[in-house]
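Quick one: this structure, given as structure tokens, is what I'll be asking you about.
So that you can tell them apart, the chains are marked A, B and C in the order they are listed, and the count of residues begins at 1 in each.
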């Protein structure tokens, strides 16, 4: 539908939107960029190649990748169950999925730490059964990031699954496909883009996550120190150069992830249009 | 708009689509365990820990001076940021949903940008501008204006992290509603403001309210960005989430979880409202 | 109120929606803008309303140049294709809207508004629905409420965008006549957009045929039907048989009574009821075979196949009254004689 050009308010909303966007987002972000430009390339590289920085990037990306993968699998199962299988209390559980979105990260952080520490309710059981300690280890970070990432996957897969025309599956069945074949050849290809998008969203959020991670991580340099924490540590030591350089590297990663997610989503929309 | 008929969810699973019983039970089992361990248990734990030493310890933890100061600051920050983000959200949604212009997709991406920036970086950028070693630092200290490690910095960081919240709710909603009703109002002689208040606003009010609530939940609960710019000055620049952190790190678990219970209550309230809204809309359709 | 459009053009990107449209509409007319989809008719209506700006050209309402005036100053009533009723307001509040948004000085008192709204509801015969919400109404009811809402501000021009487009066939029939009668009663200059030639013929006092952003013809329904200005109008309005001197033998056509009057004429359009079918009088008459026939109610449609013109697209359609067909007592496969009573000749412009 062509947009009508008689609608009032184009100039004021355009003016205010751009002004506010520049003031709150663009100018501060470019300030950081300019700040980094003052560093020489050698300085920049020196900061980023410091062993502790490399270790923290490895930890942040490794845990975020692992957590997003687990969240993608679990989220897929949860979305499938919530859409396809009837069971009592379903609506309530469905509503709860968004809790990690709404719960302040500091609250999530201290609760997860309390539950998963070696003396905590879950931590103790896991420790006794498997001998594995979760909290204050990189594994703790993974647990916190699964918590944060889960709703991203469920909420991206769920609507696609709801819109998925079951007639396609019936057609597959009528053509002689087994349920498993139908799942692999009909259902999965239709849900995969949404699952990947959910995974990417969870990963992007996980890489920059701070609040829910720091209480459970243990924050040992080289072992369980995430990048955002390292930035704060540098700031507290008045190492602005270090903080800025690491921050810029993180920002570039965020941009790339945002770009990836946007193209994934438009791909998803185009595919959706074909259904 | 006709939704494709999803027979599975509406009328039970048709014969051809029924999965083996073991698979169904396994999937339901996994779902319940995950939701139980990850979502229900944490909520319960907050309450158990908050009341671990009884009701009076809970009440005392919430009424001590620093806790009250943190609550006041949190309310103040929300009172400043939520209206600003709301006005911005409505303006941006009107612009994007009602007009076509070059660069619209770029604008949408830029509005979403704060979602994908780590909260720590959101704090860092303001430190780099307003901090003691930042660009405006010397000028600010010469004029005795404090932004970083003070309330203005907290407000700025919160404005950044809540930036897309209202716009994101409204843009798809307004695009779906379309502009015919607004054109009808204009053709009947209504002014731009009359059209907005009498036609647009009643149509988007629930979505707007939900966006405002989400924005409010984030404004009151933001931790990472605020933690960078606040300086953790007790009684002055500690918001409620920072008060939770400080109390927890001092092993004052009752105080930490008492404050956390307030924030968790806010989250649960937001979720309940969202669910009611969805049920209301589902009932309509 | 009279409407004068001069040289209206409008472009959407590379697509020319309207190409220098000029049009005079006299006061009190009920005009149909008729054309295939994409011909620019809705765009033209929206430009008259002020919902769209023309790239060039002028709109005059009652002699005033309103080209630069916003929609709210034009005193028009617009009925939207999907009605655009305010979904959060009752029927009553919808109709009262235009009266209530007037500046305080011009605004009527609530009592007067109340009376006016009920008068309008009575006019559209839906007073009993005044406290319903739009989603509780049927399509036809919504359509009439949208009309009452547009009429509430006492517009001097009423513009309707595909007013019957979203309705069921049976409701559409009733509403067409109702609209025509309502127009007689109110005598407000009205323009409606439609792609349905039958609807335009039935409802309008004047028809403007549009194609590719240009006006093909303007005239009363009988002018349009009986004297189509060109090939396009003739094809678009009603059914027609097409004979082309490029393919059809002039001698053969002559025996049917089809003779070009002008040297440039090449194509003849013949309405089905202008073809007279009779029992063959002599053996020398050209061989025309009755291939099939269909019952259309009061008339019968005959499918005729001339010998030597076997291709399916060469079938000639004729119509005759039911009684006449029974008199002739024809069967499938019978040879018949045919005569053309009247034809429209067009020269071919590339």
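Here, a residue touches a chain if its C-beta (ideal position, glycine included) is under 8 Å from a C-beta of that chain, and two chains touch if they have at least 3 such contacts.
Quick caveat, the model's predicted, so the values are computed rather than measured.
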*Using the contact definition from the top, classify how the chains connect: line, ring, star, complete or other.*
complete
_Per-chain Cα centre nearest the global Cα centre, belonging to chain_ = B
*Please name the chain that ends up farthest from chain A once chain centres are defined by their CA atoms averaged.*
C
*Hey, which pair has more contacts between C-betas, A-B or B-C?*
A-B
*Express in whole angstrom the distance between the two chain centres, defined as the mean CA positions of chain A and chain C.*
57
_Centroid distance [mean C-alpha coordinates] between chain B and chain A, Å_ = 16
*What whole-Å value do you get for the distance between chain B and chain C if each is reduced to the mean of its CA atoms?*
53
*asked:* Going by the contact rule already set, what residues in chain C reach two or more other chains?
replied: 50-51, 70-71
*What residues in chain A touch two or more of the other chains?*
2, 4-6
*Mind pulling the chain B residues that touch 2 or more other chains?*
183, 186, 191
*Which residues of chain C touch chain A in the complex?*
12, 46, 50-53, 70-71
*Could you pull out which chain B residues touch chain C in their complex?*
180-181, 183-191, 194, 198-199, 202-203, 284
*Please name which positions on chain C make contact with chain B in the complex.*
49-51, 70-72, 76-78, 80, 82, 84-89, 97-98, 101-102, 135, 149-150, 152-153
*Which residues of chain A touch chain C in their complex?*
2, 4-6
_Under the definition above, what is the set of chain A residues touching chain B in their complex?_
1-10, 12-14, 16-17, 20-21, 24-26, 28-29, 31-32, 35, 74, 77-78, 80-87, 91, 93, 95-112, 114-115, 121-122, 146-147, 150, 162-167, 169-170, 173-174, 179, 204-205, 207-211, 215, 227-229, 231-232, 235, 238, 240, 243-244, 247, 250-251, 254-255, 257-258, 261-262, 275
